[in-house]
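Note sheet for the following structure.
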């Protein structure tokens, strides 16, 4: 099958949706001639012109709210944050404005806006350019949160996000943007709220999204040699969350590890752990475990690795669940 | 014992700390002559003058960062958000600036800043003036989060927060600010990370903070008549979290309900549920339950009650845990 | 006089409607028949009515929390009042109150609970109108205090840069809660801010309804022409910040002096000069009062939203993917 | 000429140190011996060296991510270089890089990873200095792009209102990544923004090190006197936004033309006019090069932080309450 990078998949999804619907437009920093920091918009400015793809001043709150306003007027903005970290300035727009306009208006308005933002560590870019931001937004009703782990899912989910009539926070991962993967020719979409079973197994369920899927896979391969059969579930979207697929897996394995790159305390692992223990408790054979980054801001450079979850930690955690002391 | 309102307790804590340490100062909207929206600063402007208590323009990000800067220079700012909801504008300052300066500087700087903010529903003030904000900040290492449920705790904890050398987010609850309670004369402090056992019991542990302590208490009283013995734990601070006290209670009861006012999905209930299931799983006799607000923005007026957890829901949940279907 | 007596009487009626509508709110609050924080615009009627009269049929308005006098002259008074009562027949099914009220049909964009956020939103809305070749302008109202917010800076800069058809209308009533304008900023006229973005700005007497209307008409024409701009109208807040605010922070003498300039008195004097009789004016007041009483009667009796309506996920999500209530 | 040959030679040395320091960074990046995003200030040396020279011993500086030429003239070159290498003997134990570098001893406040947030922080810092009766000023550097952030508006307004001893120094290099200044704002000179807050502002030639220094000295004196103000220095970014940026968005002709105005060449010409010899200049360059090579040798060999240092909770919390690592 045809191979594209994650970034090209994002590009293609945007291009197709822009071709189809003239209300779709893109704003952000350096999205126009430069085509975004990681090439996600490469060529779109030339193709669609300055009224459909244009740069904004360095004013994240301003242009995210600009997106909210344009969306209320019937446009379908794609608002790019250059790095997801900068979304702290647009926290109100993304959590407290876009997602609430519909309810506050009694259902009259809607905000079909997609916020795209590349997040995560891997570049050693220190405490304010390496964060995973999803957990900050999980307590805002009205918002949907999507976090694909590969080019195929990225394309299908982004198209769904752009077509969705509500605000969707679409998080890319900086480490994955250059990653290649199969992307079929032709149009396809993937519904939000549908997990993917990345690897089937019967002993332990690992729930991982985005970049964390890969160390989980490596760990699973290693553990297979030791006779431990790991299932890996990638929920792909946090809101909505595919509880059905989680349930099936937990019923089978009875053991769960949730892995995320954000600091462990306050990460989305808490929510998923709580859902599982609330709804599937009788099936649990062991404590639900979470692996996340150390609860410290990330340092500059290579040493960030000392803070992050990895294959070794995942492997250890699986073994601990299989052979409790 | 002497009775003070929550708001008076906050006032007294600030006054005592300002008397003791001339580096403590207060900024915010309407903190000066008006003495804050709920009287938390009443009289402080007259007492300490315009260099220690002063109004800021309506610019939450600006003055929260002003606080961060002044704190790095050795001051001990108390930054008031008039309503906690407005902290969305200061999200960067409170989560991403203050708490990280120390680590980013390699331990050289520190930010002894207290951010005070009244939160919560009860006034029917709709979707952007009624929120509980704690969950938004739980994934920022470096920040401490305090949420007292009564005047006594408010005074003791606020003094500790002001004396603390790191940023502390001190959340008041609007519905509690007028509430009276015992506050001893003379100085006292309460350490962060020390839960209070609000009611002892042996059947079910309810973990509740702030305003949710009270419906939990009512439910417990009712349930006692039916022979169900409820223990209520108020962690008082979410970061740090007193896991020891939680452990003792869970070991005793084996049944846990976490109640918060914020929407259920993405609320702090997830974190606490995850901690308990991770660390005290063998003691659990039943699924850990969470009660939170419905996952919708709050509406205007009295109907907000349809969205919030209350005594009835808590009672039902306890019974369900005691008599699983 | 450029305006006929009848035209002036119309202005008068609008001003009086605004004043009496809010006085009715005070009465109902006094009786405990209304809930919520009411920020009244008494004294500021001209600054609001002038704007409402300047809007063309295609133009949009973003009001503030203190805009009842303007709203009552623009919207259906019953539906508006029902919304203020939080009733399900209100503009937003009782979910919005003046904190968030909006009406698509009336080209009324939402009031924002977050001061400032509505400004770049309005810019985005106005930009979209231009893209769709609508012959429309957005008039975005903000207070003097709100002008200190970062969003206002960002929104104005973007508007100027993209030649967006918008008028930023600063209704300067001298106060942001307890903070007088000179504790909010050092500059004399907030319209000076226009220079910071390459726009034009103008400060006018906000208690002169005709001046407001005419200035806004020019401002709107300019904005339609791709020149966003600022108009600052200076007026004065007569009441506390919200009903119930004791206003201890205020200097009584200065306060009384400022209230001497009453936009309604001004219009009365003008009308009498133009030959209107006291009786004519009284008749208008009576007519308006009936309208108001009627609306309050109606709204009071309307039902509150049901739990089902409050918990309706279709009002949260336009594309509802089975989102969970709990 | 107001300055002696020796004084001019000193400026020259500083400019060359800045230039060669960054050229060394380019070499090391080329060899794969450095990690991280480097935003170089080549071409902007005068705009930075001028500021560093204007600072009094009690004054503070907030630099930007593009301030290596300034930093190398202000800080210990070895400790600075170690920080750029992420080494534990760097200014911030290798945790900061130019994204967050700070030094208490050198009165260097942190670079901010969030453009704009550092502005109100600097205002708060400067206010605190004033409260403590320090005879100090904060010079807060920001870029032309950063000026669009809401925090800048809020910070400047607060500074003006409280008469805080601060100079806002806008180092306008014509670009914010791929965005030229005229796509950032419609105004010609960003110092015009001063009018929006009741401050004074001035725009100068940022490639004239003496002009920069003297203007800043006056600006600092003014700020000490309770008059915060803006200085905008116009210069030009010679390199891509960061090393590795191919800069496709740039017009080559215009770019080359802008680079003709080289602040170092200017100083050379001035020095030759003042009787300096080519040999003297070459000697300075050599001396500076040695210093740089030495610092890079040192930094390269220094150890990276250990896991224990990286995971040290005492560097996260000043009052560590048993916070948990995991």
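By written order: A, B, C and D. Residues from 1 in each chain.
FYI, a residue touches a chain if its C-beta (ideal position, glycine included) is under 8 Å from a C-beta of that chain, and two chains touch if they have at least 3 such contacts.
Note that the structure is a prediction, hence the values are computed from the model and not measured.
**Q** Let me check something: if the centre of a chain is the mean of its CA atoms, which chain is farthest from chain A?
**A** Here the answer is chain C, farthest from chain A.
**Q** How big is the gap, in whole Å, between where the Cα atoms of chain A centre and where those of chain D centre?
**A** Averaging C-alpha atoms per chain gives centres 36 Å apart.
**Q** If you average the Cα atoms of chain C and of chain D to get two centres, how far apart are those centres in Å?
**A** Computed from C-alpha means, the inter-chain centre distance equals 45 Å.
**Q** Taking each chain's centre as its mean C-alpha position, how far apart are chain B and chain D in Å?
**A** Distance between chain centres, rounded to whole Å: 40 Å.
**Q** Tell me, which residues of chain D touch at least two other chains?
**A** Residue numbers touching two or more other chains: 94-96, 100, 112, 114, 148-151, 153-154, 157, 161, 183-185, 315-316, 323-324.
**Q** Which chain A residues reach two or more other chains?
**A** Residue numbers touching two or more other chains: 57, 59, 61-62, 85, 88-89, 92, 96, 103-104, 126-128, 141-142, 239, 265, 294-297, 299.
**Q** Chains as vertices, touching pairs as edges: which of line, ring, star, complete or other describes this one?
**A** complete
**Q** Which stretch or stretches of chain B touch chain D in the complex?
**A** 51, 56-57, 59, 61-75, 77, 92-93, 96-97, 101-110, 112, 141-142, 144, 164-166, 191-193, 239-240
**Q** Across the complex, what residues on chain B touch chain A?
**A** 61, 85, 88-89, 91-92, 95-96, 99-100, 103-104, 126-128, 135-142, 239, 262-263, 265-274, 277-279, 281-282, 284, 286-290, 294-297, 299
**Q** Contact residues on chain C for chain B in the complex?
**A** 35-37, 86, 94-97, 99-100, 112-116, 145-146, 148-150, 176-179, 183-185, 248-249, 304-305, 307, 310-311, 313, 315-316, 323-326
**Q** Along chain B, where are the residues that touch chain C in the complex?
**A** That would be residues 29-30, 32-34, 55, 57-59, 61-62, 85-86, 88-89, 123-129, 264-265, 292, 294-297, 299-303, 306-307 of chain B.
**Q** Using the touch rule from the top, collect the residues of chain C that touch chain D in their complex.
**A** 148-154, 157, 160-161, 183-187, 192-193, 195-199
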